[in-house]
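Starting off with a structure, shown below.
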Amino acid sequence: MTRVVVDVMPKRDLLDPQGKAVLGALPRLGFECVRDVRQGKRFELEVDGDVTEDRLAEVRRAAETLLSKPVIEDYTVRVEPE
Amino acid sequence: MTRVVVDVMPKRDLLDPQGKAVLGALPRLGFECVRDVRQGKRFELEVDGDVTEDRLAEVRRAAETLLSKPVIEDYTVRVEPE
Amino acid sequence: MRVGVVTFPGSLDDVDACRAIRLAGGDDVPLWHGDESLRDVDAVVLPGGFSYGDYLRCGAIARFAPVMNAVVAAAQSGLPVLGICNGFQILCESLLLPGALIRNDSRRFVCRDQRVRIERASTAWTAQYTAGEEVTLVLKNGEGGYVANSSTLEELEREGQVVARYLGPNPNGSMHEIAGICNGRGNVVGLMPHPEHAADDLCGAGTDGFRFFTSVLHAALSA
Amino acid sequence: MERLTDRRIPRELPPQSIAFRSDDAADAVTTRLRPDTVDEAARTPDFPQPWADLGLKPDEYAQLGEVLGRRPTAAELAMYSVMWSEHCSYKSSKVDLRRFAETMTDTMRKSLLVGIGENAGVVDVGHGYAVTFKIESHNHPTYVEPYQGAATGIGGIVRDILSMGARPVAVLDALRFGPLDAADTHRVAPAAVAGIGGYGNCLGLPNIGGEVVFDSSYAGNPLVNALCVGVLRHEQLHLAQASGDGNRVILYGARTGGDGIGGVSVLASETFDERGPTKRPSVQVGDPFMEKLLIECTLQLFAEGLVSGIQDLGGAGLSCATAELASAGDGGMHIDLELVPLRDPTLSPEEILMSESQERMMAIVEPQNVERFLNICQRWDVDATVIGEVTDRGRLVVDWHGETIVDVPPHSVADEAPICQRPFARPTEQSSLQADSADRLPRPGTGSELRATLLRLAASPNLCDKSWVTDQYDRYVRGNTVLAQPEDAGLIRVDEQSGLGVAVATDCNARFVRLDPYAGAQLALAEAYRNVATTGARPIAVTDCLNFGSPENPAVMWQFAEAVRGLAEGCRELGIPVTGGNVSFYNSTGNSAILPTPVIGVLGVIDDVRRRTPLGFAAAQRAIYLLGQTLDELSGSEWASVVHGHLGGLPPRTDLDAERRLAEVLVGGGREGLLESAHDLSDGGLGQALVEACLRCDVGARIDLPAAQDAFVALFSESAARAIVSLRPENEERLAALCQDSGVPFTKLGETAGRGASAALEVGGQFATPLAELRAVWSPTLPAAFDT
């Protein structure tokens, strides 16, 4: 079993209502040092056996077609070190 | 400006309906190698200046009080390498 | 006149869409997400709801249902398709319509009677309205903020593909106050507010939404 | 119990090796290499068991030994400790709750198909339809995790209704939070509301009513009471019983995981205190999508006649479902626990029995129907597994990989928990509380003071516009909602052909209950009854959620006993039965308990929903009448609370016969189509009722207060058994006749006035206020508090 992590973040130039809300709330809680916040999703996939290049390619395809929507989001795929 | 990433994941023992929905969809799309999926949140915080230990402690506090719900979620905080 | 209504796991307003079709004088035909066939319908409604819980992205998983292969193919060859709320999201996920729908800027689910202006009457679903007409429909969703990149928005405006726009304060942060759009041909319409909940005076927000259904019955008749 | 929720149980051990961890020393983990079996228990009678930590009393543990003729196994101990807890066994309330049965008359029984004791009561509503409804609390889980706690509250009550054979058709939510300006209210209230919306909306059930009340006694003890209504044909009625030797036991729905293990027992036996989270139950996470599938799947199973008994899995999970099914059946049950599909393979057998994973059901199915049953589940993507069968041996037996870990008489688990006779005593300070009436408080006198009072009340947290809450709820889905918030009751169409419908309202003015629990409970009943009748529906049945402090406190127990007595006798007087409900004790922090809050839900039936009466003035030049009698009753009122922060005196007089006669006029007037609007008078009195009736459709009103009465009393008294109605002038005579027939006092107040920018509420000789101004104070209270 290997863990592959897919991070999906809203595109830079698009609205991110959730990140914006967090940003708005932070100073009210006394957190002053944060300039910007974006909120996205993190998927942890447990993949059978070793992660070969083929497997990774497959995960990338899943990230592109299912886990993210390319017009509004970017994704990254990486194998999590043990 | 430094980027600090806060990952918030549902606790292992609790149901993760979101991860379950993705897990159910993957085989239908022909992705067969994934055994388990969990879906959480990823926050990217842009923090002023260098990230000192104090700053990090502050982010940790924000992660604990605002970004995650400790009874059902775990979080990790880390500084993203440039 | 047969109008299909697709039930995905988690579809909720399918019963309402069926009722509106019947009230309009059509035959409602239930379609199942797992079937490939559209059962010879003359039009299709993708109803509101929370397909697959909407946990990932609204409509993201439903888009891969077997029935959607048939819907996409039929839509491309001109079959009238109306996606309401979750159905609109599914149409965007299927790339039958451009752009996407994201979390309301209020970050809350909102259910309210909503004034909208019908901007385009030359679609299969709005033919019985006049462009510029102001009507009341029901808005109820958590992820109704329409977004698209600027070139897409420009094109939608230029080609008159904005079908309906919110009036009054923007209820969800939609760009250009967009409440509904259509494809270039006008047979595929996606609409965030619910016309099927404004089709019966007693149990809805008036009857302003009724003509979405009579429009398509008429269009199908004359086709 | 906490040990079971403690997730630090070493996971690397094989599942069989975990039984109980001893309490005192964290490292003294009591492990067994094999599960604690019945044989083992017989062999080791003196093996020390953590019964006290599981909430059992010494005599209860001793009784267990007598019932079983040996010490219980670890699994049995877990099972009994949960099933004999307050929450599951009603051990403190059982004695009082018997009153509901004792006061039941034949008339009340007539339309009752299923009464107290089943998952929910069922009443006949005619045309072959029956309706089932029930209210239940999810208070403590909401305090701990407001979103999930409230969400799973909806999920739980919906499964109760489903398990009666009914299609769930609507939900309501009665909410109580701490003061609007308290920080913890901001943590709890928005998330609880989002949770109720998140679950109910995704499930596709319209939310048609409820309450939102803020009061300092609920700080740290929020109340979330969820009500669900379901509709079925008479022949679809299903019950929770396992009968027929050889019938299969099928567990279906979500897989079993570590959620809320032992939650129930802890919930019911502990109160929150400064020691904080270690005493809190572990939470459960809901999956409304799964629940939607479960509903559709289950309804198809019912429709095809495949289910001979059914039970939802709620508190105490499998323990409770198996014991109750077997206990209500005619034999016993045998379960192979290792067949239960798990989300987490490391769960021990005890944990599997106790898990409160949501969205699960258990069905009893005849062998020849199993295949079809499983096929239907598959069609709906619902996991289903045969895990055992019904036996004729009169025992509930649970095996784990071939070894017996539970072997008990099912009645002893489900029905024979020891009963507590809790001491109760009227607290001495009750008399001084009642003596401290609101009569001594300074009252507004001039027109402009009255106007200022009206505005101040309209803006107050408990009387202000609630749409910040209700706009987060889908009220339209399924297309049968005739009335929903802000109407007096929610009204759902049951049958499109005939127009048959049902109305439901929930109410409780807990300040009145505090002042006099007996009368207060009757006033809560009267208000819900009146709200239902106001829409034109005839009240026929009652459900109740009794939220109180600790039963170990004699003063609380007195409140409880008095409230139950008041409710039971009130129901008899009104001729409508209590069909089911829920008791929630331990709503207290330290020594301070919540205001006693028996939330009452009343169900009514209307022959034709097209004849319903809405709340708002609809057009100009309609006559406005006040029905009922106004006395100088301001103790416990909204005015006393908001303006003076005062609570004392006696609540308004209860006159249930007057309520019944008022209902006659409202229902009769509605049926005859006389009434264009009707709105009941309650919190805030006539003044607030006029504000709400005017703002609903932005129609103004010009009224004159009765000359013989003090204007302040006329506007702000909270006398019961009153309503305002509006009607076309040509119907006034007929209304007068109806009122005379029923003996209901009626007073013409004035008439409705124009709509639009100039619309105003004008009180002759006192003041006028533009509706725009009313709206400007009434609407922003909740958004201003929560949207920052």
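Every chain is named by a letter (A, B, C and D) in the order it is written, and numbering of its residues begins at 1.
In the analysis below, a residue touches a chain if its C-beta (ideal position, glycine included) is under 8 Å from a C-beta of that chain, and two chains touch if they have at least 3 such contacts.
Predicted, not measured: the structure shown is a model, and the values here were computed from it.
A count of C-beta contacts for the chain pairs B-C and B-D puts B-D on top. With centres taken as mean Cα positions, chain C sits 34 Å from chain B. Centroids of chain B and chain D (each the mean of its C-alpha atoms) stand 36 Å apart. For the pair chain A and chain D, the distance between mean C-alpha positions equals 40 Å. Measuring from the averaged C-alpha position of chain A to that of chain C gives a distance of 29 Å.
The multi-chain contact residues of chain B, meaning those touching 2 or more other chains, are 17, 21-22, 24-25, 29, 39. For chain C, residues that reach two or more other chains under the stated contact definition are 52-53, 55-56, 61, 64. In chain D, the residues that touch at least two other chains are 287, 289-290, 381. Chain pairs recorded as touching, per the definition above, are A-B, A-C, B-C, B-D, C-D. The residues of chain A lying in touch with chain C in their complex are 10, 14-15, 17-18, 21, 66-67, 69, 71-72. If you check the complex, the residues on chain A that touch chain B are 1, 7-9, 19, 22, 25-26, 29, 31, 33-49, 55, 58-59, 61-62, 65-67.
Residues 52-53, 55-56, 61, 64 of chain C are the ones touching chain B in the complex. Contacts from chain D toward chain C in the complex involve residues 194, 197-198, 201-204, 287-290, 292-293, 380-381, 470-482, 493, 609-610. By the touch criterion stated above, chain C contacts chain D in their complex at residues 9-10, 12-13, 15-16, 19, 48-50, 52-55, 108-112, 138, 140, 142, 194, 196-197, 200, 202-205.
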